[in-house]
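Heads up, the next two complexes both have chain A, just with different partners, chain B and then chain C.
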Partner chain A sequence: MTTPKIGRCRGLTHRSREAVYGYAFVLVWIVGFALFTAVPLLQTLYYSLNQVTVTATGISLEHIQWQNYTRALFTDPTFVQLLIEYAIETLVAVPIILIFSLIIALFLNLKFRFKGIFRTIFFLPVVITSGPVIQELVAQGATSVPGLAISATATEYIAQLPDYFRNPIEYLLTSFILILWFSGVQILIYLSSLQKIDQSIYQAAAIDGASAWESFWKITLPALSTTTLIVAVYTIITLSHFSENKVIKYIYSQTYAVGGGIGYASAMSFLYFFVLFLLLTVIYLLLNYRAKRQFG
Partner chain B sequence: MRSYSFTSPLNRHRQDQLKGIFLGNRTSYGLLFNIALYMLLIAIGFVYLYPLLFMLVTSLKSPEDLLNPMVQWIPTQVYTGNYVKAYRVLNYPSTLLSSILISVIPSIIQAMVCSLVGYGLARYRFWGKNLIFLLILATFIIPPQTTVIPQMLTYRNFGLLGSIYALILPAMMGQGYQSAIFILIFYQTFLSLPKSLEEAARLDGASDFRIFVRIALPSAIPAFVISIIFSIVWYWNETYLTVIFLEGGIQSLPMQLSKFVQAYENLYPPGTVNIFDRLNEAVKLSGTFLNILPLLLMYFVLQKWFVESVERTGIAGE
Partner chain C sequence: MRRGRSRRRFSGIYSNKTNPKGFHPSQIKFYVILLPLAAFMLLPTIFIFSHAFKPPDELFAYPPRFFVINPTTKNFADLFSRMGNSGVPVSRYLFNSILITAVTIAASMLVSTLAAYALSKKRFKLKKTLFAINTVALMFVPIAVTIPRFLIIEKLSLMDTYFVHILPVLALPVGLFLIKQFIDGIPDEVVQAAQIDGASDVVIYWRIIVPMIKPAIATIAILTFQAAWNNAEISTLYINSESLKTFAFYLSTLTATTAGANVVAGQGMAAAAALIMFLPNLIIFIILQSQVMNTMSHSGLK
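So, the complex of A and B:
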């Protein structure tokens, strides 16, 4: 591992020479992070504490402290409602996507004919899922499970449930295919992790008399705990950043609305970020706890 | 009656064989399992394809078929009029070209920059590397809504709003759409490559940048292909940022699709056209299909790359 010191770096030790080149390679990212993420983030934070009015020459700011936040949380009836719906829908969708993509990955990990065709189908949604396309498909009723959402007794029963139960169930019925469509990358992540599990462990377990069922719970699942965490985080992020997300659409509409404005939208986007972060933390703690318990 | 209680070894063997065929043995899963497996896969596959089939069938229905409740899955005739209308409404050649431009150019630039950063992170030890990883993760988590407004205002000040530079500049700085994932892909790739060639080149006096370009990059070509393909797809489908940054300047296909109704009524004003030329779901779905058609074509040509190299490059980022 010794590297000879080359001409222009004679004055530096090996270690600091390495650091200099390392920084040189990532410098462009650091500058970009400052320009396109850190500074705008701080600016948005600043806007959120102001009443922002767009004028012909630029923007004018009027400091109003936390009023944008209190308005979003206590005065605006829509925003909090949408936030709660978003949180519930995400918490409903994530386990479904996790379990579904794991099952599909387990299937695709078996040996059978025409595997390529099925893999192609299951991965197709990743390629075509975009906001306007989904919007059209949902509007034409192409994303609900055929025959399930229109069953009269079911709809009658659901209509009687309280709002917070009804909404997630309706969401499930009308967007079931949509939820499955978000499993494409997740299936691949699971699949690649499944293929990394050492086959000799299964053979050893089989010799000791373990059934396939037992080795799934005792070998496969524990080995996938880190992957599950990654998949869960990825799923939450994709669902939350998707442009058809109700909260995002509301924030966007408020940016240009007469009563809203940039300051108010900034405050709401920070609140949204906070909820997203909370969701991530909840999922992380939950899965991490499980992972620890399985190994310890 | 003795013959029943006594099974000859030959018989026993045949029984085992039959059992093997149906229930599986050491080498195959067995017929029953296979039937169940295929049925499940076909069922799930159908659920997956259902929206697409629905879209394709509906888009080929003539206005009469749409009104006829008897016609569900098989149109009485293949009617292409919807596509002709959708093609005009979407302004297809021009929006297609801009969609290709705004997805391909930033993707290539982004892949190049991400490979640079990934290489730096994989091959050099320096202080603050963990912090950089944390920040990369942060760029993945932070919703675009929290950073987009100041960016938009800055672009407006520089007159970049509505030009492709609004997408190229962040990509050049490794802050493009989903850059974090691509940096991690390259990081993984370079980490898994053996160092020996690079060390040999260093002994021969090659500079670090030269080593990167001449030795590391060529061996990371699969990572490049996968990054560029995914990036193209994600840039193509991204509408939130593109609407904010490009509105008024460049019109991409998904952007045009999102205001399909408005554009349709401009071309075919509601009061002036006859009932069969009114906007219906078949025309809308034709537009949707035209929108995803280029991606579908790309997917079917490159699908080997899509699925297999994801497994190889480990998009999981473990």
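So, the complex of A and C:
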């Protein structure tokens, strides 16, 4: 927030007091973060460049430069495959979650009876997706589009499509409901920013003769562009940390596997992080571009 | 007037109260769209309940059946009879879980909101860098740090203490990320006005920021509750003493097929255990959701 502050007094003293309070408030967080997240991450980075063997006395390291990385990228047949699948699935799922949660948020922001109950119901899947129950549901096939996935004509038709087209569609059919269940927090974030939009803008637009459709595109959507970015980031993060995520399962299995090991798993974690970072950058650039165009 | 309103209704205006007093036929179209979707959203919850009461033949039925046909409480009976045989009393695991979850929620809320307030509204040098680091850390999968974390915990001699359940999850990047976004939504003028009136930072934080972001706090509290309550991993990795392990861990050992139960009974007990584990989530959700939903409508300034 770079807006000039009103009532600033006597430069340095105030500023340094501001800084002291600032650091004091973050201090506990910094310590916890450094100790249990930042330092372990650096350690993992170091491991990823080593062959790590767990012995009775501790951990022994043997420096092997980038071999773990080259092995994951060029030798391991499963890892790259899983990464690509994950990237495609995320790129399919994120727009669906964004659009779905925005539409639901718009609905839930309207005036009708039992709205409170509906809001609760749409937020309810939040208690499912992060719990262990979801494994059960996925295993039971409860996440697929009922009827569609098993319909013979549909399967026949999908089988005709080329691979890069078929995978996303199959993913959609088998996990559509799962995708919708991921929208709880997103709906909430959208809802809260919808309510922060100044009502008088709509009134002014309506007086000028704007239809509901026009004011949605010209007022609501531009006002939500920052929110959309936050929602997108949050969605990608939850999708990629989801316990049923195949890449995570694979990395996990390799950590304790005989042929794998900690060093190899660390290297894969960093590669996964890199893909995640790329995905976020792509989405960020896309949304930023859209936001700029709408304002301009 | 009414006609004019309904034209503009779609853009999401006129929503000062959660539930309007009257019912109008024009609302029917919302129900037509929202009811089927709401049904989908309720599916998992219904499934958990229905699954827990399924007899063995329905648990293994192919194609799987969603609803239970002949409900039975045998799964629960099996589970409870097994609980009776455990070395450490079940109440001990429950006590551990409740204590750990409560402390984790309280402490992590305090830490993340304080940090988020400073990162959002205070002005100091490293603020942008810190938030950037947090966002980057957000992208790392938790399993990447499991082993180094283990070493650090060992070095700090935190193994086999209650602290190990709580400390590592206090500074979670996701909570800070979300809460900071909500605090960003509070206009700077509100904070400045309070400063002019002579409010200290602690007062601003406690009297202005916290009440205004209650919905966000409630949301994160629900998420934190689940992370803490369902966590069996910490008990597996960092705790050796049986009396310090959590209820989630205990249930997972009970239902694991290696525990001597045969596969069929194991599945049934797992379903029953899933319901038992799920109920507190649902209860906390129901308690907190009114906070989430109601305060949402008047948070922030117009």
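To be clear about the criterion, the second predicted complex is superposed on the first by the 269 of 296 C-alpha atoms of A that agree within 3 Å, B and C clash if a C-alpha of one lies under 4 Å from a C-alpha of the other, contacts with A are read in each partner's own complex, and residues count from 1 in each chain.
The rule we apply is simple: a residue touches a chain if its C-beta (ideal position, glycine included) is under 8 Å from a C-beta of that chain, and two chains touch if they have at least 3 such contacts.
All values reported here derive from a predicted model rather than from experimental measurement.
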Superposed partners chain B and chain C on chain A - clash or fit: clash
Chain B versus chain C as contact partner of A:Asn109, first or second or both or neither: second
Contacts of A:Tyr256 with chain B and chain C, given as first, second, both or neither: neither
Chain B versus chain C as contact partner of A:Trp66, first or second or both or neither: neither
Partner chain in contact with A:Leu41 - chain B first, chain C second, else both or neither: both
Which of chain B and chain C A:Ser266 touches, first, second, both or neither: both
Partner chain in contact with A:Gln199 - chain B first, chain C second, else both or neither: second
Contacts of A:Ser215 with chain B and chain C, given as first, second, both or neither: second
Chain B and chain C footprints on chain A, overlapping residues: 1, 3, 6, 15, 18-19, 21-26, 28-33, 35-37, 39-41, 43-44, 47, 59, 104, 107, 110, 112, 118-128, 130-133, 136-137, 140, 142, 177, 180-181, 185, 188-189, 191-193, 195, 230, 237, 240-241, 248, 251-252, 255, 262, 265-266, 269-270, 272-273, 276-277, 280
Partner chain A, residues of chain C touching it in the complex: 4, 7-15, 18-20, 23, 27, 30-31, 33-34, 37-38, 40-45, 47-48, 51, 63-64, 66, 111-112, 114-115, 117-127, 130, 133-149, 151-152, 167-168, 170-171, 173-174, 176-178, 181-182, 184-185, 188, 192, 195-196, 201, 205, 215-216, 219, 222-223, 226-227, 230, 270-271, 274, 277-278, 281-282, 285, 289, 292-294, 296-297, 299-300, 302
Touching residues (chain side chain B, partner chain A) in the complex: 29, 34, 37-38, 40-41, 44-45, 47-52, 54-55, 58, 113, 116-117, 119-121, 123-127, 129, 132, 135-136, 138-151, 153-154, 157, 169-170, 172-175, 183, 199, 202-203, 205, 207-208, 212, 233, 236-240, 254-255, 257-258, 260, 281, 284-285, 287-288, 291-292, 295-296, 298-300, 303, 306-307, 310-311, 314-318
Complex contacts: residues of chain A adjacent to chain B: 1, 3-4, 6, 15, 18-19, 21-26, 28-33, 35-37, 39-41, 43-44, 47, 58-59, 104, 107, 110, 112, 118-133, 135-137, 139-140, 142-143, 145-146, 177, 180-181, 185, 188-189, 191-193, 195, 226-227, 230, 237, 240-241, 243, 248, 251-252, 255, 262, 265-266, 269-270, 272-273, 276-277, 280
Of chain A, residues touching chain C in the complex: 1, 3, 5-7, 15, 18-19, 21-26, 28-33, 35-41, 43-44, 47, 59, 104, 106-107, 109-116, 118-128, 130-134, 136-137, 140-142, 177, 180-181, 185, 188-189, 191-199, 202, 206, 211-213, 215-216, 219-220, 230, 233-234, 237, 240-241, 248, 251-252, 255, 262, 265-266, 269-270, 272-273, 276-277, 280
